[in-house]
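Dropping a structure here in structure tokens format, bear with me for questions.
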Amino acid sequence: MKNPYIPLAMTAEKIVIETDDKNIKTFSLSFLNKAEESSFNYLPGQFAQLSVLGEGEAPFGIASSPTQPGALEFTVNKVGVLTTALHNLEEGAIIGIRGPLGNCFPLELFKGKNIVIVGGGFAFTTLRSLLKYILYHENRSQFSNVTVIYGARRPGLLLYKDEFKQWEARPDLGLYLTVDQADEGWRGKVGVVPNVIKEVAPSPENAYAVVCGPPIMIKFTLPVLRQLGFPPQRIILSLEMKMKCGIGKCGRCNIGNKYVCQAGPVFTLAQLNELSSEY
Amino acid sequence: MLNTSVMIRDTAKKLLDQKRVDLIIGFETGTLPLRSTPCFVRTSEEAEKLIWNASCENNLARYLWGRKEKVGIVAKGCDTRSIISLIKEKQVAREQVLIIGIPCHGMIDRRKIEAKLDGKEILEADEATERVILKGSDFTETINKAEFLHNSCNTCSYRNPVIYDVLIGDKVEEKQGIDEYGEVKEFEAQPADRRWQSFTNEVSKCIRCYACRNACPLCYCQECFVDSSQPQWIGKTTNLSDTSMFHIIRAFHTAGRCVDCGACDRACPMGIDIRKLTKKIEKDVKELFHYQAGVNLEDMPPLAAFSLDDPQQFIR
Amino acid sequence: MKEMKIAKSELARFLDSLISEYKVFAPVKQGGFIAFQEIHSGSEVLLDYVNSKKPPKEIFFPQSEVLFNYRLGGEGLGIEEPTFEDKPMVIFGIRPCDARSLVIFDNIFNSQEYKDVYYTAKRERTLVMAIGCNQPSSTCFCTSLGGGPFSTDGSDLLLIDIDQEYVVQAVTDRGKQLVKKHSQFREAGRRSLSLMRKVTQRASTLIKSKVETGETKKKLDGMFEDPFWDWLHEKCLGCAVCTYLCPTCHCFDIADETLDQMGRRVRIWDTCSFPLFTLEASGVNPRPTGKERMRQRVMHKFKYFVDNHNVAACVGCGRCIKDCPVNLDIRTVLNSILNR
């Protein structure tokens, strides 16, 4: 009987600072024991529990795509005990991992459809996994038009800046970056994400919207999407809750009768509406 | 006490009808014998539920935190002292509370009765002025109320409300010549290792439910030290060391603020003698700072203020 | 197998012989209360009691349990998984409500989909020997939740007190085997069986506390936004008494304890009553006040658990009723729900 509470060992191969305030770093982790790599099969949307033994453990969306062999990537915002401990690590440090946990984005449903990816702040992690999966050369033709609308408070807080530069050049992707407050070098849009969505006005025809962001952004984004004509079953959300066990046992991450760590973190708006208005 | 209940109801109805308060916090009959339960009354009709008897042991001042409305509150002596402490610490404004003061003869300690009945279940309890008639499935027993009061009630010198806006009934005679710290002095006289053993025996029963803390009217911190993670002061398991620290630190945090209402002691499901510590600290505060919490609105809690002539023999 | 019985005078001897083979947990006096503790002699057992203060869930799901130890500085994470004893256990003298609670607990920790290593290590090697309740307490409402003073759910053996003896109902094969192996059990005659029927019939009438819970889940289905929750929680202190003393509450926290390079990760009881339960590091709390937390507690026990496992997470043992510091009575809550 495998014990799901025992973390596996990973090395932090690379640690990259993402934001100008240095509060967000991306960790590239690889399994210490190479044999464990092949058993960690995940899909975009899933998460893992990362441990710094002695400090604790917390859930993080997997930011890399399974189409990238080798390292698993996690983007971590420094906000509490465990995230501070992670930020204090140096390259080469050992981190524990349990996963993959949770459900993934409904990739089968996305096939042949237009995908509108909407992200805010540092919630772009699993959306990056999804985007990279879709853009992967072997997969790209399975999906139709891909639109990405991603915003942060200011340019220095945008994640994955180098990758976005590369993606901007792609003809098979409609990319709209926006900030609430521009700085001197900023050439992209200025405005909050919900307003940019209104402006871009992606068509709901044959399309799925995938949304991830802070509660305030979600609160104002959903009505915009609904007004554009996206039905609740084609608005996909990835939720965050405080989690401990990650396997639906400790009782804390539920919304209604579903545990976000098991039935989620990916939900359709239709599913959430049914569960309860708790979130 | 039926009389008292009627007077409370009439007062409550008047206050609500005159809109002098938006809410009245009092007691209604509980679902078990010898129990009453806090109730929140907002209309005249609801005020009919209010009662008063020797099972009204909770300290309702606990429910004053963070209220925006004008609140009427049923309060016995110790409760009014807690209210004074809360006013001094700016947790509630004097104008915000309308204190319905009740002179108190003491509250019944159910555990003492359960011990006397050796586990036999009480199905009915009829309380009279001096006595209580207890009925079980195969027994009837009459007890003298005065012999089965909480320890904190036996040593109480504030049976009458210290402040009030309305007084229900007549004041009662305060007891004279009480040795309030008799038990503490006995404990102090023991050698250190015996005291430590005694203390750890008590707290090893603790299940970290925090009923003591949550029942205390003065434990209103937004983030309690037990919940702090940066830094983490104590662990969350029932490890004796962590649990001991919880009780010790909480007792110190109440120094100069605790009025010995006994709410913590009464709330504990495991029957831990929590007052062992808090009463000792209360004695120390009295001796060191000549201060008793909650007896008037003017003097400052010793650990919340300083004056240039504070004792400082410990600075050498 | 014919119904058997054991004389009360033989019980200590029977327990002594059990102790030679099993780790035996039984009710003993501890401080002013009853607790299920390991006994080392049959004479330690208390037989005249209502129920334990803490529920026997703590034998299978202790308040703190080491998930693993670790030692840093070597290769990898230095994790040492715990080893488990394999001496078989008997829990003797458990009440039918608590025996039922183990079955409810199994839905979480010992099911087809998932077997918790720590829980099953104890659960699977434990034989449950319950004693029925001739004298239910006024706070017992087991019959309202599918249980009863002589329910056999979760027991391997059920003992029924007929004054000088216990009639023994063997519920499982494991129970039958145990009875066969011990000479203190004799065949129960007609007289014993008729006494047993008298006792069981009488006890059912003694459960005075009844709540019609049949419609509760359906009511709760539509009650998430009901203003009922605004006032229900007002007197609740938000402590953990009801949850920690509840035989079916299973929520837990995971914490690391460390001293320099060594440490351990422990699983500890937690409660949805605490604000910290769902408080995120960012400061956002999906259940910011007592209202949401009380709603969660009631909904989880009487709707969500039913949705997921077809049984309410409550056995009507009455511990929460007895020990709530403000006498917030779950029976009153349930009746209020039914009257909405």
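A, B and C label the chains in the order they appear, each numbered from 1.
The criterion applied here is as follows: contacts are C-beta pairs under 8 Å (C-beta built on N, C-alpha and C of every residue); 3 or more make two chains touch, one makes a residue touch a chain.
Keep in mind that this is a model prediction, so the values were computed, not measured.
Novice: In how few steps can one go from chain A to chain B if every step must land on a touching chain?
Specialist: Minimum number of steps from chain A to chain B: 1.
Novice: Per-chain C-alpha centres versus the global one: which chain is nearest?
Specialist: Ranked by how close its C-alpha centre lies to the overall one, first comes C.
Novice: Return the distance between the CA-based centres of chain A and chain B, expressed in whole Å.
Specialist: Roughly 50 Å, centre to centre.
Novice: How far is the middle of chain A from the middle of chain C, if each middle is the mean of its Cα atoms, in Å?
Specialist: Spacing between the chain centres: roughly 40 Å.
Novice: Let me have the rounded angstrom distance from the C-alpha centre of chain B over to the C-alpha centre of chain C, please.
Specialist: 32
Novice: Would you please write down the residue numbers of chain C that are in contact with two or more other chains?
Specialist: 253, 255
Novice: If you look at chain B, which of its residues touch at least two other chains?
Specialist: none
Novice: What are the residue numbers in chain A that touch two or more other chains?
Specialist: Residues 80-81 of chain A touch two or more partner chains.
Novice: Under the stated contact criterion, what part of chain A meets chain C in this complex?
Specialist: Answer in residue numbers: 1, 3, 5-9, 32-33, 51, 53-58, 79-81, 83, 94, 96, 215, 240-242, 244-245, 247, 249-257, 276-279.
Novice: Can you list the chain C residues touching chain B in their complex?
Specialist: Residues in contact with chain B: 31-33, 48-50, 53-54, 63-64, 135, 137-139, 231, 234-235, 237-241, 244-245, 253, 255, 257, 266, 268, 274, 276, 321-323, 325-329, 331-332.
Novice: Inside the complex, what are the residues of chain A that reach chain B?
Specialist: Interface residues on chain A, with respect to chain B: 80-81, 84.
Novice: Could you list, by residue number, the parts of chain B that touch chain C in their complex?
Specialist: So the residues of chain B in touch with chain C come to 30-32, 35-40, 58, 62-63, 111, 115, 119, 121, 123, 137, 205, 207-211, 213-215, 227, 235-239, 266-267, 269-271.
Novice: Which residues of chain B touch chain A in the complex?
Specialist: 229-230, 232
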